[in-house]
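In the two complexes that follow, chain A is the common piece, with chain B as its partner first and chain C second.
This part shows the complex of A and B:
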């Protein structure tokens, strides 16, 4: 990745700092949730329902109990009851933590094919899994609605909430479409997807009286702790969640799913520390994934390519027992200056596992439809697809006229077209070849809203000059702690090596969830405030001494560098200040509160904030077999100020890889007869492999967002968006075929 | 995984004796398939006879130009063998098109022959499967059939044989040597696997107490190659694969071997296509017609109806590539 480095070289922000946990991860020293040991650790395995809906009429556990090494088998007949899942309320968003509303093992009801109906606890994981296979539930089956395609026509309007608007109307889009000089009207489908992080979900639960320790890879310390407190009836302070590393989250570890609850339940029931590491199939059967969708995008334009109508509607699903609707039409609120806009989202409820957030929920599949339709309109008009987008670039947010905090999509396309060699593109379909391969080039816009949440951070300065940042963060593989260490080092003017970030434990001040691309900005805001407060304290301490060179100075006159505060040539180190005052440390804390949340929402009313970018894709398509290979990729992104060039590039590349999976290979096969996932494993659920991924060039514009801390904007998800469409548009260019159903597989191109 | 007894015999005689007296026994090679199936509860052997210590791991040249491949030669070793690479490129390419480097390092030639289908309904104990439980029914029919067969299927089973290596061996007229307490016998590879009919649980002509000891290849045929088409660039089973050898003289097909993977319950030797091609013009039109004739009896389902067209395109492309390769040489 390249950026224009305009900052002083002694600063850490903006530099390609190696991630602090790199050596631990590459040497295997990093211990993930399942890798903690307790002397009397017991192992649990789940028994999953094999029907979509019904009641358990009998549970034959005799054969399983007879296996030597089995400690306990918990079913709805004998398990201690958990408290029910709390009702969702926007006043306490932690109520959204519950993956499903099912009270596991407290009911004989089966709500989806794969629901856990028993837990076996044994002396080894092998015995637990073997015995689990011997548990024989009997069922009374009830009719179930599991076929999305069949149910989709019965969808009901999705309600808007404070957090997600689901509809918009401006002008009369239908009338404008009918009279447009050029138009396209396309129906798209996207399949369900499942989380397949490298680390399958695992929990170790340890009770000590009414105190609970949980080892788990989580994307949300706060929600997990609060939810467990509610379900198990203990005070929140009695629960400690330890989570130094998360082996991939992507939204799949943001909520609390059955495995976590049942590990805690099994530990309580047996009086033993219990480890429950899900099998790969177990993850598919108990952790939600992405909804399927159908979408309609209809665009009308005048002969010059100015949009006159934009219609984007969607149908997706939740589970009858819960699920998070996706904001599928979200990007259509922001991307194009159409005078007439109509946006609607619809939902069906199915007897399937609740769906959840997954890899840019909403925007990833929504931009596939919108940006494919824009490309098709460009074909219709005989216009370059970048030019069409530039002609429709809005000055203000199209649906409501709000101001953009900043908008650099034009710049992204200009830089991208130059770097990618867009000029070399022969616009005729099928005109470019490499030997027998058909070559195609496509573009699409990336867009992801930028959020932040309140976060608590404490910073401690020791007499030896060391700095400790304390904030429970989620190290989902992105270098979360590394970038905060860089920020703290710069703000306090200390070497990076002097900063230690403690982040792995819910006993620390709670940061923000690692979701919605908001962790880094949220924590940075509070960290900056804490560092300022700390410097104020240091200065106040110094000013008490008659001989301090800082006497009479104000903080905004000073520069934090060389381990202290300085004014020109005079100044002193923090160590000197603390030593003189006889203090062994100074501490500053920023606490998140309910008011913070209100402030965040108020700010959202003022500004439209987002990360955005331009995706450039080149594909090769085999004219005999329809095999598609992505041969080149460039993403140019506006993610505000780049804190760490290296980790940012990795994250952006990772997002593009996820997008390529969405475009070409990934699909959860839910059998429409049974609701059962038939490809619940990595051999059959096709994430892209190395051979599917070309060199990915990413470039950041590196312009600070004036409304965000340090000008940074979350990097997590923007690069997933637009990828599906960029691939489809490149395939359209190579073959002349518009593929509207994901994934773009061989059979659709033959 | 059900608990089992484990034995590791010192020689072939001891190995075949071990299974002769133990009906619930299974031979263990690289374990890349058997262990997975045991973990899933699909294979439930009482005894596992680990044959990896037996001296069956060498490749020998045969008098007259063929090769004898020990049953315990690792897939990666066979693919990298200089004679295989130069004389039987179709075999080397087929092996390298399968699985992953780690799996190929473990998997043996004998084990590869005995791979079981990857049909998801076979793997899911909650689904009905005649192969797993004779008479239970087949949930694949009417379900997801993207990975399923269109040739040689029955109403009982439409599962495919997953091996790439075996498709090449079918084209190469390989012979499988097997041993039991009753002695040694030789089975042509094309007769080693059987079609499902109404007994899909019977997958090969190998008796339960027979150990595969070697695979023999006759002298190498004309230039050969393997082409595999799948849903991602690597680590996926074939939607369609083609093993082909072709010799063209004066524009006429002088010799041809053709076998298909991903479309049938066994490695599918395309005899009908070969018959039509032999002695005829080496043109794309002739290739297409031969492919169509081979695929004419196909029984397609909604999820795999594309395979006929894909197989025809892949056969045609592979033969075309062999002509180009021949001209270049």
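This part shows the complex of A and C:
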């Protein structure tokens, strides 16, 4: 990756700093949730329901109990009570932590095919799994609604909330569409997806009286701790969640799912530390994934390509037992300056496991539809698809006229077109060839709103010059500790090696969830404030001494560098200041509060903040077999200031890789008769492999967002948006075929 | 069984996989369990220098073999190259990627001559859901040459 801005060499922000946890992760030293040892650890395995809806009428556990090494089998007949999941309230968003509303093992009801109905606890994992296979539940089946395609006509309008607006009306889009000089009206479908993080969810639960320690890979310390406190009736302060490394999350480890609760329940029931490591199929059956969708995008334009109408409607699903509606039409609120806009989202409720956030929920599949339709409109008009987008680039947010905090989409396309060689594209379909392969080039816009939440951070400065940042963060692979260490080092003017970041434990001040691309910005804001507070304290100490060169100085006159505060050539180190004052450390804490949340919502009323970008894709399509290979990729992104060039590029590439999976191979197949996931494994759910991924060129415009801390904008999700459409548009160019149903498999091209 | 240069005495049932023997009985947790069905490669270890999926191997079959896991290859130039090229994010596939790459370079007649496409093809049994594939290929290329 290249950046346009070369920073002062002594600063760490903006540099390609290696991950601080690199050695731990490359030597096998990094310990993930399932890898903590306790001397009397017991192993649990789940028994999953095999019907979609009904009641358990009998539970035959005799054969399973007879297996040597089985300690306990918990079912709805004998499991200790667990409190029900709290009702969801926007006043306390941690009430959204529950993956489903089911009170596992407290009920004989079955709500989805795969719901855990028993837990086997045994001396070894092999015995637990074997015995789980011998548990024989009997069911009374009830009618279940599991077929999304069949239920879709019965969808109901989705309500808007404070956090997500689901509809918009400006002008009369239907009338404008009817009279437009050029128009397209397309219906799209996208299948369900599963995160399939490489680390299957695992929990080790250890009770000590009414104190609980949980080892788990989580994307949300705060929600997990609070939720467990509510479900198990113990004070929050009695619960400690330890989570140094999360083996991939993508949204799948943000909520609390059955495995976590049942590990804690089993540990309480048996009096033993219990480990419940889900099988890969178990993850698919108990942790929700992305919704399926059907979408309509209709666009009208005048002969010059100026949009006159934009209609985007969607149907997606939740579970009857929970799930969060996904913001599928979100990008259509922001991308194009159409005078007439109509946006609606509809929902169906199915007797399936609840859906949950998966990397850019809504936007990833919503941009597939919107950006495919824009491309089709460009074909209709005989216009270059980049030119069409540039003619419709808005000055203000199209649906409500709010100001953009910053928007560099024009620049992204300009830089990208040059870098990708867009001008060499022969616009005629099927005109470009490489031997027998048809070559196609496509573009699409990426867009993802940026958020930040209140976060607590404590920073300690020691007499030896060492800095310790304390903040519970989620290391799901983003380099969380590394980037915050860079920021602290710059802000305090100390070497990176002097900064230690403690982040792995819920006993630390709580940062923000790793979700919605907001962890880095949220923590950075509080970290910057804590560092400033710390420098104020250090300066106050120094100014008390008659012989301090800082006497009479104000903080804003000083520069933090060389391990201290300086004014021109004079100044002193923190170590000197502390030594003179006889202090062994100084500490500053920033605490998050409810006011922070109010401030955030107020800010969102004022600005539209987002990351955006231009995706450029080149494909090769085999004219005989329909095989699609992505041969080149460029993503040009506006993600504000880049803190770490190396980890940012990796995260952006990662989103593009997952987007290529979304475009070409990924599909969770749900049996429309039984509601069972039919491909609950990595052999049948095809994530991209090495051979599917070419070199991905990533370029960041690196211009700070004036409304965000250090000007940074989260990068976790924007890069998956637009990818599906860029691939589909490239395929359209190569073959002349518009594929509207994901994934773009060979059967659809033949 | 010899694991990372140490003779280990193991008394395991015949159905225990090599991966579970390493992780649960010997506390060697570098090899990861990602799918337990040979589909993801996170459990890749070297058996007498040949890369295998430890989840598809029964421990008893490897009684007289030399097993090398990520712990046993340390220090290896690939590890440093992975860090420099950012060939990982969450780190869960990394042990397997590195062991697989070592085995793959052993298999190749002329590792230095491997093209990017060949490296990708030969590494396609090792999934990385974070999508760090570019960095992994760069790291392998650098060490191969």
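Note that in this section the second predicted complex is superposed on the first by the 749 of 750 C-alpha atoms of A that agree within 3 Å, B and C clash if a C-alpha of one lies under 4 Å from a C-alpha of the other, contacts with A are read in each partner's own complex, and residues count from 1 in each chain.
Assume contacts are C-beta pairs under 8 Å (C-beta built on N, C-alpha and C of every residue); 3 or more make two chains touch, one makes a residue touch a chain.
If you're wondering where the values come from, they're calculated on a predicted model, not measured in any experiment.
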### Task
Specify the partner with more touching residues on chain A, choosing between chain B and chain C.
C
### Query
After superposition on the shared chain, which partner residues are touched by A:664: those of chain B (first), chain C (second), both, or neither?
first
### Contacts of A:624 with chain B and chain C, given as first, second, both or neither
first
### Task
Tell me which partner A:109 touches in the superposition: chain B (first), chain C (second), both or neither.
neither
### Message
Quick check for you: in the superposed arrangement, does A:31 touch first (chain B), second (chain C), both or neither?
### Response
second
### Query
Of the partners chain B and chain C, which touch A:688 in the superposed model: first, second, both, neither?
both
### Message
Looking at A:126 after the superposition, I want to know if it touches chain B, chain C, both of them or none. Which is it: first, second, both, neither?
### Response
both
### Intersection of the chain A residues that touch chain B with those that touch chain C
126, 683, 688-691
### Query
Which residues of chain A touch chain B in the complex?
50, 113, 126, 129-130, 133, 622, 624-627, 629, 664-665, 669, 671, 673-674, 676, 678-679, 683-684, 686, 688-692, 745-747, 750
#### Entry: Complex contact set, residues of chain B against chain A
1-3, 39, 41, 118, 120-121, 124-127, 139, 142-144, 229, 231-236, 239, 306, 309-310, 313-314, 316-317
### chain C to chain A touching residues, read off their complex
13, 15-16, 20, 23-24, 27-40, 42, 69-71, 74-75, 78-80, 82-84, 86, 88-95, 98, 116-117, 119-121, 123-137
#### Entry: chain A - residues contacting chain C, complex
18-19, 21-32, 34-35, 37, 124-126, 195-200, 245-250, 277, 279-280, 475-479, 646-647, 649-651, 653-658, 681-683, 687-691, 693, 695-696
